[in-house]
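Per-chain residue numbering starts at 1, and chain names A, B, C and D are given in the order in which the chains are listed.
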Amino acid sequence: MPRELTVNERTLLARAAREVRHGMVVNLGIGLPQFLPGYIPDGVDVSFHSENGFVGMGKGDIEGTPDSDVIDAGGRACQVVKGAAFFDSLMSFAIVRGGNLDLAVLGAFEVGVNGDLANWKIPGKLTPGMGGGMELAQKANHVLVISHHLDKRGRGKLVGQCSLPLTAPKCVGTLVTERAVFRRLEGRMTLVSAHPDHGKNGALEGIDADVPVADSLENWEGAK
Amino acid sequence: MPRELTVNERTLLARAAREVRHGMVVNLGIGLPQFLPGYIPDGVDVSFHSENGFVGMGKGDIEGTPDSDVIDAGGRACQVVKGAAFFDSLMSFAIVRGGNLDLAVLGAFEVGVNGDLANWKIPGKLTPGMGGGMELAQKANHVLVISHHLDKRGRGKLVGQCSLPLTAPKCVGTLVTERAVFRRLEGRMTLVSAHPDHGKNGALEGIDADVPVADSLENWEGAK
Amino acid sequence: MLDRVTTVENAVRQYVQSAQTIMVGGFGRGGVPFTTVKFIADHANEYRNLTLIKNDANEPGIGIDALFRQGQVNRLIATHIGLNPEFIRRMNDGEVECELIPQGIFAEKIRAGGAGIPAILTDIGLGTEVEAGKRKFELNGRTLLVEEALRGDVALIRADRADRAGNAWWRGSNRNMCVVMGTACKRVIVEANEIVDVGTLTPENIHLPSVFVDAVVPAGPLPHGDANAA
Amino acid sequence: MLDRVTTVENAVRQYVQSAQTIMVGGFGRGGVPFTTVKFIADHANEYRNLTLIKNDANEPGIGIDALFRQGQVNRLIATHIGLNPEFIRRMNDGEVECELIPQGIFAEKIRAGGAGIPAILTDIGLGTEVEAGKRKFELNGRTLLVEEALRGDVALIRADRADRAGNAWWRGSNRNMCVVMGTACKRVIVEANEIVDVGTLTPENIHLPSVFVDAVVPAGPLPHGDANAA
């Protein structure tokens, strides 16, 4: 950040923003999730939680002057809104584990059809440490993963079984890509909406797994 | 409180105050210990900890105006000195259990020769609950019990074995009465000083137990 | 930020019910939600079979004592009941159950409930009656007690200052168990001596963040009597 | 109240030694004791074989990175090291050991150390690599991991404001792990951007009470570079 978003990224962010409800306490993972606030409609009042120690994070570059004593979990200077509260790491994760974080918006390397999430480690390649990711994935009341539909090799991020080390098992509630929305229904990530440019076939493209499909797909734009 | 102290009480408080060292963090139990601050010499700078949530308690009735939002653990309005800090019960007991309380000054029903302390419950008669007493007794770096030498029936508070439910086993470091000072040395409460009015015999009077006696007794007034 | 200010009546009617486990703040008088408790006592037929979690039993005629007197409480979990001989009499007569827990462990069990920690291992109470009936665990050659988390349906706490979103601040020794109880219940009603606009409190100095709070209600006056009495 | 103000040199010489376990505050730059760490790095021969406990490894060239570069550290316990590829290289080359812990559990283990709680039971990390080698405990039909307390010999933390007795306060997100680390070590050195007289801080708003603190030293300027960099 800041960087230019692609059309696909803007599409998936706009769709993901519809998953955010008025009054929610929301944690945003590093990367694409950090762009989400710009897509949340006016009037939807959300408290952003930053696991390094506050709720009431301002909308990043969108409003106010960044304060170098107020960094988000990615190290980016930001600012707080009126009504924010600062606290320490203990209170921050008490909020997460105690059931007071309504929504965690995370990126993914892989999402299993069973809702497993792998987003923290690629053995031999990337060993950054899990940070607060495991607790966010395991304990947020709802986990929304936003991700490009396909990885760089053209394979779907939604997989039959994760091959990478898990961040948390069976934790993903919703997966939004630029092509599709999947929700974990009866324990399996189920296609519930497809982008009109791609349709159901495009929404399942690249996914080498048996993915359930809802009887009637939600309208992409009008989804609740 | 306030009440008139007896001569014996004033004697034991004055002696007990000599156990308090410059810079200590000290918790005072309810009852006689609450009178101790008045006996601590000027120049001995002590931080009083109140387990309901602060360090830096003022010296009770001695200085300042009581504040009804600042109560000690006995419910008595007091006040704080400059440099005090208020916190919640969690932080308060973190201080106690984590090793940052230098001294707890407590009353006793019975002290065992092995250092056991019973001061919270008389089955069938008195069931007030332990409050913070168990943690103070078990976890203060040093436990100083101050007590009348004899109970109402003329029996020594120092006993061969406690008959009442324990507050904590083997926790008492020093016992000060109006007649004697006992310290736990090699696991046993040992007579180390006797008040000159009573001498060694008076210091052991009423104690139905085998109490070790130090080779040379400390001077009552001049004890370190 | 959501505006959570409402009346004590609305808050209690919305969140409190019979047979709940209710955490009640306070140590002595500081932090005791007298206003909210009084509403529950004034509607004794509607709120019964309660389990209360509170540091102490207040004194006769004050605070939660009315709930015992009116038979609204089945069980109290506390650390100290010595200032309420009437409660002790009721306990001894079998009118109400009481579980006593060392004060710091009482706070830790509630914290564990709030912080999503199922249990802690502790040495507090070893060699005393507190051991009785507790599971044990051997760790590095030490025997430890397993103390499980406590959670409640509703927390009732009294703050000195709260903003309309629910951020709260306590004066002096009033904080005691209030903050930790506010983290450990499904619903949290904060009665506040002073309700201020959002943005008035310094964000670094907030003791309980608004994310835990469901309702902010104005606190009534403290009960009569010796202000020092617990 | 004792006056605990001294120089960084005196504080480090008095309390820091080779082969100690040292907790270092900070998340990104906020709370990192750059001044104290620099003294230890500038005297690399005197402070070696250290075990560090810190949220992250800072970035190359910043903060504790110098201690890795100079081979002063045997082991790091952290939650995230992704912003220091040089540290990762050293770790992969076997120059330094690293244990990674989920961030909230990292904080809880330190809290347990400070609060005299030998261990907690948690479900965080079940079904992941974090389980490996940990003892388990069955509670109410759930399998839980035993996470033991962490303590240190010395805590090095940076506050925004401290009084001469050691009471400390943090601005914004600078508090992070600083307070909890300050409770969990035998000795605590607070470097402060601003040192004020005792009585200046509002007692209710103190984040770390002076009873934990051994030395207060003036903080030097933040290191150069992008102020936003972690």
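Heads up, the rule we're going with is that a contact is a pair of C-beta atoms (placed from the backbone, for glycine too) under 8 Å apart; a residue touches a chain by one contact, two chains touch by 3 or more.
What you are looking at is a predicted structure, and each value in this text was computed from that prediction instead of being measured.
More inter-chain C-beta contacts link the pair B-C than the other of B-C and B-D.
Centre-to-centre spacing of chain B and chain C amounts to 30 Å, using the average Cα coordinate of each chain. With centres taken as mean Cα positions, chain C sits 36 Å from chain A.
Chain A and chain B have CA centres that are 56 Å apart. Residue positions of chain D with contacts to 2 or more other chains are 108, 111, 115, 117, 123, 170-172, 175, 204, 207. The multi-chain contact residues of chain A, meaning those touching 2 or more other chains, are 54, 80, 86-87, 90, 93-94, 96-97, 139. Of all possible chain pairings, those that touch are A-C, A-D, B-C, B-D, C-D.
Contact residues on chain D toward chain C in their complex (touch as defined above): 108, 112, 115, 117-123, 135, 137, 139-140, 142, 144, 146, 148, 169-172, 175, 202, 204-205, 207. The residues of chain B lying in touch with chain C in their complex are 50-54, 66-71, 73-77, 80, 86-90, 92-94, 96-97, 121, 126-135, 138-139, 165-169. Listed in rising order, the residues of chain C touching chain B in the complex are 27-30, 55-56, 78-83, 88, 91-92, 100, 102-108, 111, 123-130, 160, 170-180, 207, 227-230.
Chain A contributes residues 23, 25, 45, 47, 49, 54-56, 80-87, 90-91, 93-100, 139 to its touches with chain C in the complex. Looking at the complex, you find that chain C touches chain A at residues 1-2, 111, 113-117, 163, 165, 167, 183-184, 198-199, 203-204, 206, 209-212.
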